[in-house]
Amino acid sequence: MTSGELRVRLFAGLREEAGWQERSLVHQSGMTAAAVWKLLNLGGTAPPATVRVAINHEFAALDTPLANGDEVAFLPPISGG
Amino acid sequence: MTSGELRVRLFAGLREEAGWQERSLVHQSGMTAAAVWKLLNLGGTAPPATVRVAINHEFAALDTPLANGDEVAFLPPISGG
Amino acid sequence: MSPHPLAVLLDVELLVAPFDPLTSLAAWQARLMVGLPSIAAAEAHFIGRVRPVTSDGSPLEALELEHYPGMTEGRIAAFSLALAHQHGVAAVLVRHRVGRLKPGEPIVVVAVAADRRGPALRCCQELLETLKHEAPFWKREWVNGCGHWVAGNTPL
Amino acid sequence: MSPHPLAVLLDVELLVAPFDPLTSLAAWQARLMVGLPSIAAAEAHFIGRVRPVTSDGSPLEALELEHYPGMTEGRIAAFSLALAHQHGVAAVLVRHRVGRLKPGEPIVVVAVAADRRGPALRCCQELLETLKHEAPFWKREWVNGCGHWVAGNTPL
């Protein structure tokens, strides 16, 4: 992954509402998943409480600072098994 | 099974201590499993607390009155599965 | 499928020879396909095998399992049916060895089919405990040609 | 076998095509025979299948399971290992379908091998719950050509 970039992924219902599943963004210092959500106009000023965030395949908090090359994903409620 | 008779069965350690596995007895009115134990000299005046009684394949109390043709069994502690 | 099916497919058998648990489970699943009104979405299984050591740690030669013919099968069928109704499950399978078993051989298979995972898992677990404490089986451990009756059950 | 084995045989895979749970279990048992230092006396299994009806009771055409490639396998491996250590079990198997499933098709198999029935049963049950709530899977129910994302998990 190029340094200075973030990759953003959406799944299931979120992906279909947004109409895309993956995007790249220029990373700016201090950026968080919450900021990414707003910047990409994913709905309202923050994700609904039921949406979970993953950074590089690990669950993470909305306000975790992102690093160059991070993959940030917004996950609608899990309905597995 | 002949009317007027009881069948007595022993299992596992109890069978080996007594040296037999099955006996017939003449049934006498009012007889209980406790009385059978004493009559057959199975040890002491009553079975140890760990020994369970079955009458006709169902667990039963020591003082349940027996009926003609009943099969009474003395079961050492279960160690199944 | 109703959470409290009226009919339970109950299948209990004592086996005198070595058996393969997965073969028993495959045959059971085939019978469920025919016998159940609807697919059971949840299945819980348990397989128990003979440990290679005795309860006090010696290498085991063989495990002998004595039972009370008639009563043992009868008790297992009775409490399996009661537990099946209590948990609202659709089918129960029990296979239990008797006779002389070698280390590593399967002793017991319990399987429960239900509409939901909770009842299937809980019924399987409770059936296994009941089997340990309410089914007339007696274990004798053989070490160097000597047999010792086991006093109680293996710990959970 | 020690109650807290240092090594756990961990075996997690997502499957894109229909599979037979008992075949997966047979292959796993064969690997345990080779990979475990001693026989595991207790094995607990769970099999989940697609219900023929949707969560609101309509006849289901198909169930679609979306996942997050990489993260889903990673999360399952991580919590399976943690639970295996916590319960002191010897081996864990997880097989989980993704993609489009027909009613009755197996979705998930979980199996746990341990020295005792308690750890095997408890670890299997807890692993299944964790799988439901912590592994990124999303279900879409298809009815008459229309797909609806399922909001939460099936009840216990």
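Note that the chains take the letters A, B, C and D in the order they are written out, and that residue 1 is the start of every chain.
Convention: contacts are C-beta pairs under 8 Å (C-beta built on N, C-alpha and C of every residue); 3 or more make two chains touch, one makes a residue touch a chain.
All values reported here derive from a predicted model rather than from experimental measurement.
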Open item on the list: Under the document's definition of touching, what chains do subunit A and subunit C have as common neighbours?
Closed with: D
Task: Per Cα centroids, the chain farthest from subunit D - done: B
- [ ] Starting from the mean Cα coordinates of subunit B and subunit D, work out the distance between those two points in Å.
- [x] 49
Open item on the list: Can you work out the whole-Å distance between the CA centroids of subunit C and subunit D?
Closed with: 23
Task: Rounded Å distance between subunit B and subunit C, as computed from the means of their C-alpha atoms - done: 27
TODO: Give the residues of subunit C that touch two or more other chains, as numbers and ranges in rising order.
DONE: 48, 117, 128, 154
TODO: Hunt down the residues of subunit B that sit against at least two other chains at once, touch-wise.
DONE: none
TODO: Using the contact rule from the top, write out all pairs of chains that touch.
DONE: A-D, B-C, C-D
Open item on the list: For the complex, give me every residue of subunit D touching subunit C.
Closed with: 22, 25-26, 29, 38-52, 103-104, 115-118, 120-121, 124-125, 128, 154-156
Task: Touching residues on subunit D, where the partner in the complex is subunit A - done: 48, 65-66, 68, 70-71, 74-75, 96, 107-108, 128, 131-140, 149-154
Task: subunit D-touching residues of subunit A, taken from the complex the two chains share - done: 9, 11-13, 54, 57-58, 73, 75-81
